[in-house]
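Think of it as A, B, C and D in the order they're written, each chain with its own count starting at 1.
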């Protein structure tokens, strides 16, 4: 494992260097996303899967999406002022590397973290899997806020995309459309499974949401704006972005009212409530991620815009 | 008996009121005509107090206003009465003669006349140092307006020198007064008279007043100012104001406690020096008024000499009356002489009066030159006699020389006057009468309290005779006028001033410095602009991503590792 | 736990989401959210200081919240500035509606951050804050805003990651994320120094402390006025607040003898560099942004002076005073600039003379804010600077006297660059846009607060 | 009424109108003038009432805790009363003048707003009860006066304003640092006659440093010599502003601060013992001579007056630094007397400029005939400056002279002598020209401002009133209600019996 750790560390350093020294902005972004993933891996190695998940979802996935969205809007450019190599860089970062190594050498190898504590409280948590327990019960507030982060990332992107240029071109072709038709139920199934599994084993709302989002994206690649055909109301669509967060904090407030404390559940109902939250959160995550990819077109905005122009 | 103490203030506030009245344009045309009336309270006081003084010769009028200025006191005693008398007479006659001033700015003349009149009367009654200083300055500075009145170049030049020296004297006086006041803790002159204080304070007071008196070297303003001023103004300048210095010495210096001062021996010598100095320089003048001015300096020599021995005597306040009497004598005659210049100059066409005028002129000249049985001769003889017991004596021959030179001056004066260019003006009868009265008074006043004796006739005639002989001899043998511009030393000083101001090299250097400064300022502005631009561009360094991240790493290193080592 | 605390976070977030749902009236939802949050933020001053765990889970497990005086003050500052900025923004019809949900998101995130005592939770709030803040910059239609936002985003993410690295190290070492617990357990060692270094540098980047400031003038200079006010007055303060927490609380047991020099030097450089740039920049808004860079330097100097334990702890309120003073003054200043910029249609200093002269109230407000920034009496800024001077005296750091005074003078210098223009006789060169009178008054009141809060410092500080 | 309200009221009577005026539209001349003059009248009345109260032993003070151990304190003591009365009176005068002066000029609301704020700050400076409060108002004064200096908005005005601020702000910085150090050494107690630093004698080096900082800070406004350059440059400001700067607000605030520091922080005997008084004395003496010499060579009337101010204001510092009761009297009365004389001079100079367009000395020729009353006032002011009796200036010089003798510093008398001589040298030519010079056929820029008087009545009467005051204060110096009486009472407190 030491070899793997070493490689990982080198990879992180190398990617970081590449991300900052690249002359091409797009390359920088891609490398940055990869860097986020590597860091998530490092979290796993540090036996902090919750942090790893968060990092992967937010630091790499979300941030990457935002970066790309932004990149696509600005004019292609290369930053001439970036120097490929300089002595100050080399000096500083080799020093830094030495320092880091020295520091890491001090970390106790047997770090169990809070695992004992978590295990001890699993019976009251309403779910069996420790990560899920941590995410949705012990540290439910973190998760709620992360849902908010996801929502706001989309809001932010929406705010940026003021000229409403489509993010992609629908891919014409029978194959894709057929594939999408077949795939969709499967995706739904996998999503539900992941969600359910989260109670006892690694997995949960984020993963499930991500899978569902993938399905949605494929569907929308095949049929441009399927939800625009009047099949889904705009309002419902929007509600899906914030619903997960809403439900989560409402239940948290109910906890406050019932005396369990803000973001707490009565132990008896914990399992059910968590499941409810997870379902809503999954949906929210799925729609948010999908929307981020496809760039939801806001009819209202369009209408007001055309009004102004005329 | 009436209480006249309130009049002590009135005599000089009244003229000030007149002066204020002139602010009203409607009154201005009457300014000159009103002048005699400005002396009304002074006249009343003179008359009223004169009677009291006759009844009891030691009576003193007093007035105290502790809250005005830093405490104001006024008083009038015998000495003051003598001074008041001479001021009153001379100012009065001059006021009547002021009608000679007929230009558009006559009201301005009247204004300054009133102001300096107020000062002149005020300082006579001042009994505290600040009032004295106030009135003295008022008189001195206002007289500048009289000097400059005619506005021609020489008047302006005279006024310039006048004001310069007046202010210089004023400031010396001020510092001296402050020094004395601080040391004695009071401004009450009755205490000042009895208490001595630090020498340099006294010296400054002495010096400040010496300017007014016209002590040689400090005299330079005098021969310029007197000829430049209108005739009646010259009369008061020479008749009254110049004597303010003497009374100032008397009042401000510790007159009752001077006897032991070792520098007192200087005073008689200075007196004689002044007599001869004024006389000799006066002889070199062509302008009769300038000549009279030098004569005044010369006559002041007598007063300096007089006050010198008064200070030595056991009873200075009594002896001072002799000096006062001499001042009275000189005031009447010198004022008369100056007015004579006016009469000769302005009234030449009035042929009917001219013999009388010339008669008066010669009479006055003789009185000043010490005609036996006249005030001049009597007083000089008397003063010599009472000063016989003084510690510091002078050889008689020197005093004789002083008298002789006065005689010579008078001869010269009459000759010069005869050659004066005339500018006819209408005759003012009241003025003429007042002038004749003045001469008459000058002639007869000594007999009120002095009995002339025939014993000294010979010695009294001596200086006059010598003067006549010498003048005649000179006329026959040499027959040459030695010229000296009025103001003697001024000429050199002015020349020096011109030289200094013409130092081209100096000016060029100064100019260069200024140019350099401007250049330097421009240059530094340019530099600043370039610098700001550079600063602005320097931020690019931080904007550079790679630098940014380098900084980030460096800081990490710094925070992290600085603790380890 | 009082319902007010969750409400402080949830009210703005929920109002923001309602705004998203009901976009036509996003402005009004935004105002409702802002007013409510502001009221709550002020009301929270009346609560007892205490700490809680969320969900009833005992400490090592759950997330801790606490309300101490520092947190109360930060919430209050947020409430006051937030209120004014919100009303101002509400009156500004040129703002895109996205402003509202982004701004409320940022506000909620900040409130959550101030309440939290859990380092990981703080990381999450930092993320929410960062995303909202970056997007706020980006919604400006000014040229270059997107690039500036991009740069800000990268810095913000970099900072967050470094912070997270520190969190991980702390967790790895002590198996806890609670600040109080960490402070109790804190022991010296290379890992801790690394953690401290990583978190510090990360937060420094977010706070824009020299030399990591480069993103700020670009971002703040190009954003909408209301956004700049929020960023300068509040957002960078949130990360500075964390620096206070870390250095004066969590890592306080470490031997930080060199820390004084670290902060004092960087602070001084920031003061001088920021002020120098503000003195030469050609644009009004950039000038104010650079002023923020300089003022952050003062914060750093304040921190430096506080680290040494010689000072009594009550002096820490001076630090809060510094934050308060700067928050009020800087928000007023940015809002004033917003008025001017909108009226003139540009912010090129050279051509603003006429506009400045006609905008009396706004200019007056700008002047008042400048007075406070330069530390002239009797503003809050003056008292803060007085406090810094006194502390420098106690530390015998004479050179800091020089820096502080020089900084003040330079501040006065660049404020006067603007005021000077108002006094020139520049003629009108272009037609002016109308702006609502309410905005002028609003700015004036806010700027007056910067002055009045100095007068009432004692009653605020409570001894 | 509670006595603590009075200080606030006194400030409020100018602060509230001041702020209000900012928001009055330009054309509402009547409202603005009413506010101005109304405020000034009420303030003057309040000040007079307070002074009467003070005389009967009332105590007027109010304090406000700003930070722990740091109080903002307003207190009216005798010294404050002196300065208050001066500023309240001269404010009224200058306001009337300014209204006349700025008729129909742009930006009047701004001008009068700051004008009024400036007086608020001045009264604050007067009433400050401790050094901290003093510094507060002192700096406020800087801020309030700067827009006035720059008011004209010309290139020159802007440059002058920049110089002004550069000086005053740096000075303010020095003052602040000094105050902070002093605060850490001795706390911030109230000003107290005799000072409160006696028991700190061991920290001599500190005290010297603080002294240097304070004097540098105060010296800038008081225009002590190395710090004076801003003053002549600030002349580009409109005449009422110059009058205010030179006579009441700025330079006086500096001089007043020096008085406070020397008397009531250090304590004059203590400062004298440490040698600080001597340093100040030498500085003041140099300033007096230097200012006069420079004035002699200035051909611009206002600049000449400005250098005259440099010289004259230092009389205050000189009097204080003499460290004796009589010198102190001289210094303190000069605060008032110089104010009155200088304001007269500036207002009349403003009249010349406004009515006839006269700015240079040589243009004054014959102006006495065209504007006799103005010239009378000018003459009185100038003669007062020279120190002629019975004008107010004489009383100051008299006591300064006595004070110098009293402590045996005879050379100071020499300084007074030279200074008076120079005063005469640079003032009398002006007076002479005005009265005796040949009037030109046409004035540089004549305006008919009034048919009845030589100029607008609002321009004419203020200098006449101040000139009359100059005379009255000199003539009636001995009365208890004049400056001299008041100051003697004050100095008695500092020196515990004369």
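To be clear about the criterion, contacts are C-beta pairs under 8 Å (C-beta built on N, C-alpha and C of every residue); 3 or more make two chains touch, one makes a residue touch a chain.
Computed from a predicted structure; not experimentally measured.
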Chain occupying the most central position, where position means C-alpha average:
D
Measuring centre to centre with CA averages, how many angstrom lie between chain A and chain D?
70
So what's the Cα centroid distance for chain A and chain C, whole Å?
28
For chain A versus chain B, what separation do you get between their C-alpha means, in angstrom?
105
Please report how many Å separate the Cα centroid of chain B from that of chain C, as a whole number.
78
Identify all positions of chain D at which a residue touches two or more other chains, and write them in rising order.
none
What are the residues of chain C that contact at least two other chains?
190, 193-194
Interface hub residues of chain A, defined as touching at least two other chains:
99, 102-103
All chain pairs that touch each other
A-B, A-C, B-C, B-D, C-D
Residue ranges of chain C in contact with chain A within the complex:
1, 3, 5-6, 10, 13-14, 16-17, 20-21, 23-24, 52-57, 60-63, 96, 98-99, 101-102, 105, 108-109, 112, 120-121, 124-125, 127-128, 131-132, 134-135, 138-139, 141, 146-147, 149-150, 153, 157, 160-161, 164, 168-169, 171-173, 175-176, 189-191, 193-194
Within the complex, which stretch of chain D touches chain B?
326, 372, 376, 386-390, 394-395, 397-398, 401-406, 410, 413-414, 416-417, 420-421, 424, 428, 435-436, 474-479, 484
Taking the touch rule as given, give the residues of chain A at its contact with chain B in the complex, in rising order.
20-21, 79, 81-83, 86, 88-89, 92-93, 95-96, 99, 102-103
Across the complex, what residues on chain B touch chain A?
540, 543-547, 549-550, 553-554, 556-557, 560-561, 564
Within their complex, chain D touches chain C through residues 22-23, 64-68, 70, 72, 107, 109-110, 135-137, 139-140, 142-143, 146-147, 150-151, 153-154, 157-158, 161-162, 165, 169-170, 172-174, 176-177, 180-181, 183-184
